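One structure, pasted below without further comment.
Naming follows writing order (A, B, C and D), and every chain is counted from residue 1.
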Amino acid sequence: MAIPEELWREIDATREQWSQTHRPTVPAMEELLYLPFAILDHGFVRVIDYQGDDAAIVQAARVSYGKGTKSVRDDRALIRYLLRKKHTTPFEMCELKLHVKLPIFVARQWIRTRTASVNEYSARFSVLEDDFYVPEIAQICAQSTENRQGRGEQLADAVVVQESIRSLSKLAYATYTSLLERGVARELARIIVPPNVYSMWYWKIDLHNLLRFQLLRLDERAQWEIRQYAEVIDMLLRKWVPVTHQAFMDYQRYAVSLSAMARGVIKRLLKGEQVQRDYDLMSKREWDELIGEFELEDVIA
Amino acid sequence: MAIPEELWREIDATREQWSQTHRPTVPAMEELLYLPFAILDHGFVRVIDYQGDDAAIVQAARVSYGKGTKSVRDDRALIRYLLRKKHTTPFEMCELKLHVKLPIFVARQWIRTRTASVNEYSARFSVLEDDFYVPEIAQICAQSTENRQGRGEQLADAVVVQESIRSLSKLAYATYTSLLERGVARELARIIVPPNVYSMWYWKIDLHNLLRFQLLRLDERAQWEIRQYAEVIDMLLRKWVPVTHQAFMDYQRYAVSLSAMARGVIKRLLKGEQVQRDYDLMSKREWDELIGEFELEDVIA
Amino acid sequence: MAIPEELWREIDATREQWSQTHRPTVPAMEELLYLPFAILDHGFVRVIDYQGDDAAIVQAARVSYGKGTKSVRDDRALIRYLLRKKHTTPFEMCELKLHVKLPIFVARQWIRTRTASVNEYSARFSVLEDDFYVPEIAQICAQSTENRQGRGEQLADAVVVQESIRSLSKLAYATYTSLLERGVARELARIIVPPNVYSMWYWKIDLHNLLRFQLLRLDERAQWEIRQYAEVIDMLLRKWVPVTHQAFMDYQRYAVSLSAMARGVIKRLLKGEQVQRDYDLMSKREWDELIGEFELEDVIA
Amino acid sequence: MAIPEELWREIDATREQWSQTHRPTVPAMEELLYLPFAILDHGFVRVIDYQGDDAAIVQAARVSYGKGTKSVRDDRALIRYLLRKKHTTPFEMCELKLHVKLPIFVARQWIRTRTASVNEYSARFSVLEDDFYVPEIAQICAQSTENRQGRGEQLADAVVVQESIRSLSKLAYATYTSLLERGVARELARIIVPPNVYSMWYWKIDLHNLLRFQLLRLDERAQWEIRQYAEVIDMLLRKWVPVTHQAFMDYQRYAVSLSAMARGVIKRLLKGEQVQRDYDLMSKREWDELIGEFELEDVIA
């Protein structure tokens, strides 16, 4: 990623400014504020602003409980309880604002999270830059045979594929430039620039909705490219709201949901009963997932 | 309004804390942060946190425009342009978080603004306090004869009415207390406490949606009590985002929308044509409003 | 519940009308359309309109998959897969519109579901009727000792409590009436009418958000009164979208979420390892819930 | 537009089915249900389902007003009043569900309307078809000199430009196909297919939010291509909810908003006062717009 000189100057200038505030402040976030974290070949995520911290969640939750609750449960336990029992509104009391540079095909997935605010670079107003995402060799993989929407093994002729992507991108950008030179309106010329071109946006979201975004985009079923952004945001969450982040991992990311049927199967196994695959109870896929999850290959025939 | 001793201690403690931050900071807001502004007989509004300022709106808008736009229009002009042309997304980039004490009948109107985050005091968890809104004499008015949902003239026997409201509130609270003493569950006992009792909540909203709330709640058709809250928020907006606040007054609050028909009428009048009321064109009410708006009593028969 | 004569006439008139439509139609819903289902002492729920059915969910989901997917998985399996894997958008393709009569304290909980459309009876425009919820004896219970927001055992002097609620309601309504007679504006007079008074509204919501509402309001932690409404809606869902309803029960209502820690405990138990309560791993409450859930009282010390 | 044979069979089959329903039904909508309306070179819009009609809006609004209001104002007057006074919630009581085929660059603008439900064709699951938008000669225009985001005059060498767009599209699709043949995962291969390729989606939205979409997308500042879709939807609205559609034109689409300043200027002119441009009062652009709007070129110096 090459951060333009101009942006660096802006970052330096902003980071030199310090103000005094009564508001909740997270030193670990102040340290990284405005700095770009590189993602993919030209992308980045920068924190532009944040509102609230772990304590702000507790503060809002305590309004519901009224007086005298403070002693009952300490802050960490309360946050974990709220997340576990899906009392989600206190997590809406925190906000994160990011500046993101991302390929348009990633932006198209990202924008499906509707409860967020966005200001995107407009190719109607401005000329697109010559920044295209070209996947690295390790990421040029075959269609997955198991997952209709995913990737499988690395391809033998990944180099050829990579070159193909690179040269098509170049050609498209050259055509775009020539259209602009002929005077074609920007809003029209840009329709032939493929979605591996980079765009950028300001994106603001509350913590509750951000955790939902993360659950979706950290998942292995998410496309690898958007997952790289989610991983950086995961690191940011760990610094911003460490208690909430840990609770998120314990009760959401690494939690597992057992269906009524799976719950019954586990219960019977725990009582020492023998269980056999029964396709009237669960589909083959569900049996496979349950057996895989709890390493029951030797237990369930 | 009597702020409990405990809250004052908390306010003082928080206001003594200062942190250093790189984030945009508004000195006028720091000055009033956490302080309660009294509303009605026992209500208040306190700013708990804010995110962004006038400059943050400009910054987000400029992402869309890309480079080179900066010189074209200065910040103030850009904010006014955005509001005038209803480019609303940059205004979502700012957030305000309030702590509000308000009668439940006001809360019921307030909550109709759905794009906001709320944590309310729960009368299932905690005991309601003996705080009831009793309107002052000047506000005890007759049903409006013009507006089916509003108030008209002050009532002659306002004192009797006020006493009536006060004594019913007292009795309801006494009954509530006696039910609690008999061991009745809080969630049940509270169902007989009338909605002039005070509740409180944390309420967080972005600036775009807050302006929509204000437009609705500053309006003379809004109930007088909720308007008192909107007036305090108006003062907060003036301090927080002065340029946006002025633009809001110029292009929204004191703007007027002319229907296609009214627009035609004005056009004809400006050309020197004579215009007469035509009830096929507009309803009586619309004619009255147009004539009132532009003081055309002597012009349109 | 006494349905006013006028409403019955309207219901009868509407139910006599039949139109021809190409739209998806659910005979079981046509049968019950507009009919009031009684809830509590004076409340009801009526279906006013519905859009879509189980097939409409499948149809929307198949747009994403493109051609050739049809054979792979039949409709029922696809709906169950979507709900299991939290592919929620196809469920937004169905809508339910209800007419609900409900006490205001229930309405206050209900309205917290923000992704829905509401038109409520306005006590600023119209006079409140003399309809108050008075809980039946069996529901007049003590504060729960386990659940800070719930009810426990039935109270010995429930009859006295019931009488207390009834007489306060009567008195409040008499005061309200007298204020109206003195000419007090409706918007002011109503502030002393307690929230066990009935209101009514039209409420429209998509199926995805309705299932979230149901998960919350069918839960035993929900207040008993709102649960009665959720139970009727559950019955409506069973008739409207039977496949989705069954999937909802299997994968959401009667599913259980295991935290990362609980998942590890279960895994160890299934491998035959001994497990002991460890309060560094999980809180007492979490241990209790896990042991209760899988009946492990004899297994975990 | 070439509708695939398979889709026609599906349309015919569905249109042969008639069901009986008690629900509000709009004959003009039944007539066009499922039929594709051609837009651009390969796009279309089809109505898949609708809920409610003009009467449903009135019905919901009347819940707020309670009894006795019926006589005061007839249905048409009530709808016009609601729209004029921005009582928007009753318009949320109607829903429209469309099947839309549209170029991806149009989809990117469209999706900015967040309060809607979407299921889009997934190029991770399925192979993109060889359908690209190539603008007709009349639409190949130069960058506007007045509007930084729009188009101006037609270009002299539009034919060359058109050929350029067509050949780049062909080449990109050929490259895409070759990548798929090499076994590249679909989610990766598609990143080089430019956004003039067609996608399709199911899109469901309530009438209130649809009118907001229309106001934005019928505007001359909207890109010409998305305006073509808005024009077809405008025709659908006229058939579905004719009274609301007329009110929308009168009070929104062809209404004009006067700022506090412009309002003052008009008032002075109507009183016969002389007015001169004053750039402290309004910007040059605002003066130009006001003078243009009311044809005041000869009146204001």
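One rule holds in what follows: a contact is a pair of C-beta atoms (placed from the backbone, for glycine too) under 8 Å apart; a residue touches a chain by one contact, two chains touch by 3 or more.
Keep in mind that what you see is a predicted model, and the values were worked out from it rather than measured.
A.B. asks: If you tally the C-beta contacts for C-D and for A-C, which one comes out higher?
C.D. replies: If we tally the contacting C-beta pairs, C-D comes out ahead.
A.B. asks: Averaging each chain's C-alpha atoms to get its centre, pick out the one most distant from chain B.
C.D. replies: With centres defined by C-alpha atoms, farthest from chain B sits A.
A.B. asks: Cα centroid separation between chain A and chain C, in whole Å?
C.D. replies: Here the centre of chain C sits 32 Å away from the centre of chain A.
A.B. asks: Report, in whole Å, the distance between the mean C-alpha point of chain C and the mean C-alpha point of chain D.
C.D. replies: 35
A.B. asks: Where in chain A do residues touch two or more other chains at once?
C.D. replies: 65, 118, 122, 125, 148
A.B. asks: Which of line, ring, star, complete and other names the graph you get from chains that touch?
C.D. replies: Topology of the interface graph: complete, with all chain pairs in contact.
A.B. asks: Within their complex, state which residues of chain A touch chain C.
C.D. replies: 65, 77, 80, 84, 148, 249-251, 253-261, 263, 266-267, 269-271, 283, 286, 293-296, 299
A.B. asks: Touching chain D in the complex: which residues of chain A?
C.D. replies: Against chain D, the touching part of chain A is residues 103-105, 108, 111-112, 114-115, 118, 122, 124-125, 133, 135, 139-144, 148-152, 155, 157, 160-161, 164-165, 168-169, 171-172, 175, 178-179, 182-188, 190-196, 223.
A.B. asks: Touching residues of chain D toward chain C in the complex: what are they?
C.D. replies: Spelled out, the residues of chain D in touch with chain C are 6, 14-15, 17-25, 30, 33-34, 48-52, 56, 59-61, 63-69, 89-90, 92-93, 95, 97, 99, 117-122, 125-127, 200-202, 204, 206.
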